[in-house]
Structure formats: C-alpha cells, structure tokens
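Each of the two complexes below includes chain A, the first together with chain B, the second together with chain C.
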Partner chain A sequence: MTDKKTKYQEVAYYPGCALEGGGHAYNRSTKALGKKLGLKLKEVDNWNCCGAMEVKNIDPKLQTYLSSRVMSIAANKMGMDTVMAPCNGCYHNLKKAEYDLANDPESVEVVERLSKKSGHDTYQAGQVETIHALDWVKETIGEEGLKERVKNSLKDMKIANYYGCMYTRPRHIFPEKDQGPGSESTSKPHFMDDLLEAAGAENVEFPLKTACCGGAHTLSDSDTSTKLVLNILQAAEASGAEVIATECPTCHSGLEMHQIRAEATLGVKTNVKIIYFTQLLGMALGLKPKQVGLHENVSDSFAFVKEKGLA
Partner chain B sequence: MRTLDDIGRELDALSTAEDNPELARTCLALGEEVLEHWVTARGAEPTHERREGFRLLALHRQGADKLPSFNACRETCRELAYHYNLLMQQPDHPDAAQRARMMVLVANHLYLFVRGKMEVEELGDFCCASRPIRERVDAKPPKQ
Partner chain C sequence: MPIHEKSLIRPENLHVQEQKEVEGVDVSGHWSTFIETRVVSDYNEALQEEIEALPGGENIHRCWQCGSCTNACTVHAINPEFNPRYWIYLIRMGMESELLRDKDIIWQCVSCNKCTYACPRDVVPEAVMKATAHWLELKGHTPKSHSTIFDEVFSEQVFETGKIEDGRTIKQYFKRTGQKFPPNWMVTMVLSLLRNLPVSLLTRMGLATLIAPKTSDWSKSREAIKEYVAEQEAHHRKALGLDELVRAAENEIQEARS
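Let's turn to the complex of A and B:
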C-alpha cells in the first residue's frame, strides 16, 4: 500500500457551497461513489464558504482566512490530516491559502488575528493536505482497483474530459503537480481520463480540456461565455465525444446553461451530454442513475445512459 | 493589421479540405495576428522573437506580462503550436484531417478569448488568475 492509499481512506470532506446548491448532483454522486468504494468521508464540521471568487477578488487575505478556518477545523477539531474538496473553486482556494500561509507573513498575521477574534485555533501551514476528488479516487482505488470493481463497463462511450481552469492554474499553488510519472500535469491533466478509461470509456483527443469557458463572467458577460462554451462543446463533438465529463460544479453548470443559451440565442444546437465523472464512475460500479443524481443535472442524459446499458 | 472581425470571418471560412500544412500555417498566422491585437491594445510593440520555436508563444508571453489572467489562454496557444507541429510533420497521417479540424477550433477558441478580453478586460481575472480587483481600486490616486 502506498502512503497516500492508506492516508486517503478516510478524509475530511469539504463539499463547499456549490455542492449544496446547483451542484448537488456532484455532492450526491461523490458520497455515493465513496460509499461504494468503501472510502470514508467525514464532512468538515460547521464549514464555511472558502471565499469563492467574490471574496478572493475583493479581499484576498480574507479569503485566505476563510479557507484556513475550514482547514483548521479539519486539523484541530476533527484531527484529520487530509481535506478532500471536489469543487475546483474550493480546491483552488484551499491550495492558495496553504501557499499564502507558507510564503506570505502578512497572510499569516491576518489569519492569526481573525482566528483569534473568531475564537478558534489558527491554522498552521502544512497541518492538512488538500486534495481533489480525482486525487482521492486515483490514489486510493486507482485504475486497477476500478477495473476489478466495474459492473457496467463504459465501453463504447466516447468521452471528452474537461478540467476547466482552477484545477491547474496558477501552477505555483500546486507543487505536487508536474512531478513526472504518476503525478498530475498542469498543461495536459489526465487523472480523469485515467479513471474513466479504467471504467471502460474511450477518451477522445480533446485539445480544450483546460480552456477558458468565461468562468465567473458567465453572468456579467454572457455572450462571450456562450461563445467560448459553444466552441468547447463543438470541439468535443468534433473530436467524436458523446459526453463531456466534468469535475467541477461551476464548469458543469456553465457548460449546461450555455449549451441551452447557445441554442436559444445563436440557434446552434449541440447534443453532447455533460456528466460528472463521479456519476459516470458510480454508474460503472453498478449504482443507479438516480443514486448518482442524474435527475439533478440540468441536461437530460437518462435516455443516453439507458442506451449505454447503465440504467 | 486586419480587424478582429476580419480574422473571425477568415476563421469561419477556413476549409479543412485544403492542404494540411497550408491550413496549419494559416491557423498559426491567425493566432499570431489575434495576439498582436492584444499586445498592441496594451500599448506595446508586438514582438518578433520566438519562444520554443514559435512567435505565437513569445507573443503570448508578452501579452501575459503582469497580467496572470492572460494565462487562461496559455494552453490554448500551446495546443495551437502542437497541432501545427503535427500537421507540418505528418501531413499525410490518417488522423490529419481530424487534427486539422481540431486546430481550427483551437484557433477559434484563442480568437474568442482574446476578443472577449478586448471587450471586458477582466475576463479570467476572477477565476484562475486570482487577481485582487481592489489592487486597482486602491491604487487610484485620492481626489484633490
């Protein structure tokens, strides 16, 4: 057993706000997948917002504090050494806070002051390791473990894996990436590809796997976001994909909403399905579509998964 | 320098039925032209240097100077360079037609991103770049 394989068997689970709202399907499928794989998730007690994009861009040190509080509870109250965040935004923010607290004395001072004022232990850099849901499954179960557990192979399913931006950027807050074989790549991420391939899927060559979708501008500059997303959807279809697999609630919602908007405003219809990787893996392991929250997605993939023998 | 509208129209009109190396050269040139627009809009002279053999990558680096959010198109530029290499080195590969289609879509993504950023400069600032917007608000000189 590798260290990580043992360490990640039980992790502090930080769902974040999106997974309690529009991204609930991701929450449901992550929990269901963990249960199916025998992995333990202990939800962070009384967790708070990570600072998201809104706080981070107005007052980055306040965002560092908010993220540090989540890690402090996991470490100091729950005695955990690993926090797993499935949302790219939360994952990114916790990693950024970790980096700031290890490298920026001003951030340390602000976090100490606010933690004291709030009446909880101050988080110290290095107390926990923050990982993404992809790391969690990859390191504990791995490709071979998944292959052994697959009940409904994803064979004949062509998938374009879309990682979005915050999973890999900016590179300096992810020191464990780009470390050679076995590590994740920031320019061509592959962990999701590896896991879905192990479940039988055929990953297509998809050159826009980390391309900008307009992100937070999805509301303030919807037209640009719609055009960027449409290009991603069209590139996925042109690459032969039937499904875009996602690993972030913001990416997922953006793709779903702008797929609809592209048809309504630009008259361009795309048919590629948008499904969380946790939903795909869950169904491959024998879970029913409703158990992984397929009914909670905006786009309707029921007929598709039925056709593929997953329902 | 052609307008961004003209570049967009040329991208729309690109036919992947044409000679693959020619298409690769055209897409790369369009990508460079798009980045020239961005660099010029920031008040600089577009570089003619090359990075890793590509002017495109040197232009991207120039465009991202002191602007982390421009790295949101870094991988798109690298994919464009990668597809250029594929099509130039293996023009008759069985996948060449597919690679050509994808190169056009990658070039289009770069165009759409830069076009969006020309209209709303903050595109990308809120997401992966983590740029605090207050930096600029606080940097404004006090009113006299």
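Let's turn to the complex of A and C:
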C-alpha cells in the first residue's frame, strides 16, 4: 500500500456547491494553497450536489445516491483513488455514503437502481477514499514541511480552532479517526491546531471546538442559530482568541452572518475575526490576502492581517 | 452523567388556594396544594410502527432510555423543553396526545449529531427527530415547518439541476415562507461584503443567480430521483394510513352537510 504522503499528492477535488457560492473564499484559498505546496487537484468532472444537510430530510438514501455519483465519477471516469472535499458537509456525506454502501444492503440496492437508470457506473464501496482538506495538508506536507516553508510566521496570533459538527460526528462513519497517535480525534480534533501551530500561531484552549453553530437552521430558525453562534464567538473571545479558524463553509458563513445578526438583534458585539485555515496557511506561506480570497469573506479582516504583518 | 428528568406535573394541574380553611385550620397558599390527576387513555398503539416506517425512524425500538441523547443535545441546552429521550419514550408507549404537546418544537433539531455520537444503542436519535417532525406534518398535526420548506426548496433545486446556487435558494425560501426579503440584518451583511469585493466577482455572483449552475447530462438522474421520491411518498402514505384518514374526513364533512 502506498503511503498517504504519496497517495495524496494528486487527488480528485470536490469543491461542492457552497465553494462555488458563498464559500468561494475557501475554494480560492484551497486551490492557491495546493498550488503553493505543489499538490495537484483534479476537479471531479461534472459533479453534482452531495445533498448537503437538506436532501437527507427528504430521503437519506437519495443523499447516499447523490454522494455516490460524485465518487463514481472520480473512480470510474477519472481513475482516481482519493477524493478531497474541503467542505465539511460534502466530506461528511461522502463518508456517510461510503459507510452505508459498505454496511446497508438497502442503500446498495437503491444506489444501484438509481445509477443504472441514470446511465452511469454504480459506485462500489472502497473504490475511493474520501479525505478532508485538513488530512490532505497534514499528510502530504505535515508540520515539519510547513515549518520549512513559512515566510510570514503567524506569531503572536491567538487562534481558536473551530471544527464544527460534521467533521467528527457520528464517529462510525470515520473509521480512520480515534486510532491512536497520528490519527484525528473525534472528541478533541487537532489537525487544524497542529498545522496552524506549525505556521507559528498560538492556539488557545478552546472548549467549543466541535460545538454546533446551528448551520442546518441558519435561516429557518435564525434565533436559535444566533444564540449558538454567539456562544461560540464569546467563548473564543473568553479563551483569549483573536481569530476563529474555520474549515467548513457552512460554519464559516454561519459565524459571519450571525455575528452581524447578534449585533443587530441582540445588541451584542464581538470582535473576534473569522478566517478559513487555508487562508491563514496561505498567508503564512507568503500569499497575498487577495490571493487567498480575504476580500470574499463577509467579515473584514484586512486591518487585522496587516497589523499581524501578513499583508 | 445526569439523566434529565421530565416533570409530569404541569403548572395548570397545580391548584393552590390563596384563602382556605379546613376544619378551623388555616391552609392558605402552599398548604392547600392539590395536584389534579393526570389520565392518559388515548393510546395510539401503532405510533412506534408509524415512526419506524418513515426514513430515520427505523431504529427507535432499540432505545433503552439512558438519556444520553438529551444530555448531549445542543438544543436542549438552550431550551430544556426539547427532550429527545422523553419523546422517544412517548412514541414507544404510544402516548400520542402527550407527544402533541411538544409538536411545535420537535422540528428544531439542528442535526449536530451529538446524540447519535453519544447513543450506546444506535437509535440515531437525530434521524428519529426528523422522522417525528415529518410524521407530525404528514398527519396534519403541524403545518410544514420553515425547516421543511427550506429542505424542500433546496432539494427541488438539486433534483432539478444537480446543483445549488445559494442566492436562488435563499430567495425562493423567503418567498415560500411569506417572509420579508431581504431581512434587515441580511442587508447589513451584504453591504459589509460589498466593501471589499471587486466588480468582476460581483458580476460573476450576479450572473450565478440568473443562470443557475447545472450538472450536465442530468435528465436521466432527475427522472430516476423523481420516480423514487414518488414511490417513497406513496409508501409513507400507506404506512401512516393517510388515504383512510382523508376518506374518513371527507365522509364526516358529507354527513355534516346532509
């Protein structure tokens, strides 16, 4: 078996809908980071939505089908063995589909039927490995590699690392996690902490790493989402963080949106910055703020990154 | 790990008399507390089977009431009335009328999966909450929640084109729920975004709302998905006996008229 470092040098890239819309900054910064690190991304041909957090509520097996189509194209049309999805929603759904197709005969039956009718190869469990952008950078470059490449250290930057729900829960769809040293933890994830620390940042002790931002109901139950987000923002500030590093477009826009909404509806202002980890790493490696899409974030961090010597 | 208990004494069943004297003894206020008996007689013996027939509800029978779900629950932390353990209990007991007391908040589950992570019995409480919310809507106990409307708007677009465009989905959602669009806070948000965005990017985003992104060669998938959705809907109607319910209601109306 090839080691992960070699295997992940070239991966099928599944940006997903959010990264083509409101989360474009994450798309831009992920691509820029890959280019800077000499890693190859081949975008999945003619991909479709994974079903996000909505289609499962209409029917979970349709979500499995949608995700399986993406993996089928990567495996059967492009001949790839790894799919990298930076969006937590996409990553989670592909992982869930992989689990269901390996364990649930009914899901296999529905996916076979729909794939046949749609006229494409049925995805077979095990054809590809789905990884997150965090796994991708961690396994290929790693902390040592990053340390060698850092141009603008993130020194003096206090960061709260926020992973959200879908990167770790439920545990059974992530069989590679919680496997001892070197593996990711589902209760206290640390891959983002490790990478940002290697880039010079100071990670604060943040208790809400895997708390929920209410992303699923960000519009349909905004008051609940605002409460949940405000809790995260205030906890980050109380932990001494200047920045919340994110790795999910839904969490990221949720935090930005409800930071504004909390001020507008509850009169509570928070100043903590919200920046994608790919943006932070990109700037640490010498990319300009606009090259990592800082201008595409809703929250304004220009003055902040300038003050930290990154612009 | 604490198990969150549910008090079964409701405020309206507590009777306290300000002025009360019994055989010469003053029992005013607290001393005269009387709790009205709580009687449950209208069991729906098919309740658990009905929930099990809906997607997500399949494992409800596995629950052994440890309460780990409620203990882990994100929504419970901000609203103690939100209690998955208790609702699973009611469903398994067939206590439909008790369940209906909470019908307006069950849809609020945010799908954070903390319950599913904590559950030692693989009940998948998150999915059970979704199945229960659907059951309430299918049976006509609640109107479609805003969450369901959002799911539908979103899924319709995915089924139709294979992809999603945020702006279009959000606008359609506000329209279908009859809310003012855009809300004030969203205006503030867009204005702060405009501050830094170059014109080229704005044009691209503007174009995306006009020309929706699409997956090509999607028509066969679209047909296959629609066929599957229709098949599942028919299956759920049958499992919940919705056609009989509608027929019974129609008969009642007829009888009332004649």
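Just so we're on the same page, the second predicted complex is superposed on the first by the 309 of 311 C-alpha atoms of A that agree within 3 Å, B and C clash if a C-alpha of one lies under 4 Å from a C-alpha of the other, contacts with A are read in each partner's own complex, and residues count from 1 in each chain.
Throughout what follows, a contact is a pair of C-beta atoms (placed from the backbone, for glycine too) under 8 Å apart; a residue touches a chain by one contact, two chains touch by 3 or more.
Predicted model only: the values in this text are computed from it and were never measured.
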Requested in this report: Record, for the superposition on chain A, whether partners chain B and chain C clash or fit.
Outcome: clash
Query raised in the report: Which partner does A:I260 reach: the first (chain B), the second (chain C), both, or neither?
Result: second
Query - chain B versus chain C as contact partner of A:R169, first or second or both or neither - result: both
Requested in this report: Applying the touch criterion given at the start, work out whether A:V150 contacts chain B, chain C, both or neither, answering first, second, both or neither.
Outcome: neither
Requested in this report: Mind working out whether A:E296 is in touch with chain B, chain C, both or neither, as first, second, both or neither?
Outcome: second
Query raised in the report: If you stack the two complexes on chain A, which partner ends up touching A:N57: first (chain B), second (chain C), both, or neither?
Result: both
Requested in this report: Once the structures are superposed on A, label A:Y65 by its partner contacts, choosing first (chain B), second (chain C), both or neither.
Outcome: second
Query raised in the report: More residues of chain A are touched by which chain, chain B or chain C?
Result: C
Requested in this report: With the two complexes superposed on chain A, say which partner A:A125 touches: chain B (first), chain C (second), both, or neither.
Outcome: neither
Query raised in the report: Given the touch rule stated above, what does A:A311 touch, chain B (first), chain C (second), both, or neither?
Result: neither
Requested in this report: Figure out whether A:L114 sits in contact with chain B (first) or chain C (second), or with both, or with neither.
Outcome: second
Query raised in the report: What stretch of chain B clashes with chain C when the complexes are fitted on chain A: 61-69, 79-87 or 97-105?
Result: 61-69
Report task. Starting from the residues of chain A touching chain B, keep only those that also touch chain C in the other complex, and list them. Result -> 53, 56-60, 165-166, 169-170, 211-212, 214-217, 220-221, 224, 227-228
**Report entry** chain A contact footprint on chain B (complex, rising order)
**Finding:** 68, 71-73, 75-76, 78-79, 82-83, 98, 101-102, 105-106, 108-109, 112-113, 115-116, 119-120, 122-134
Query raised in the report: Which chain C residues qualify as touching chain A in the complex?
Result: 55-56, 74-75, 78, 108, 110-114, 116-117, 124, 127, 130, 134, 145-152, 154-155, 158, 162-167, 170, 173, 177, 184-186, 188-189, 192-193, 195-198, 201, 205, 208, 213, 215-218, 220-221, 223-225, 227-229, 232
Requested in this report: Could you please specify the touching residues of chain A with respect to chain B in the complex?
Outcome: 53, 56-60, 92, 96, 165-166, 169-170, 187, 205, 207-208, 210-212, 214-217, 220-221, 224, 227-228, 231-232, 234-235, 238-239
Query raised in the report: In their shared complex, at which residues does chain A touch chain C?
Result: 17-18, 20-22, 24, 46-49, 51-62, 65-66, 69, 110, 113-114, 117-119, 165-166, 168-171, 186, 211-212, 214-217, 219-221, 224-225, 227-228, 256-257, 260-261, 264-265, 294-300, 302
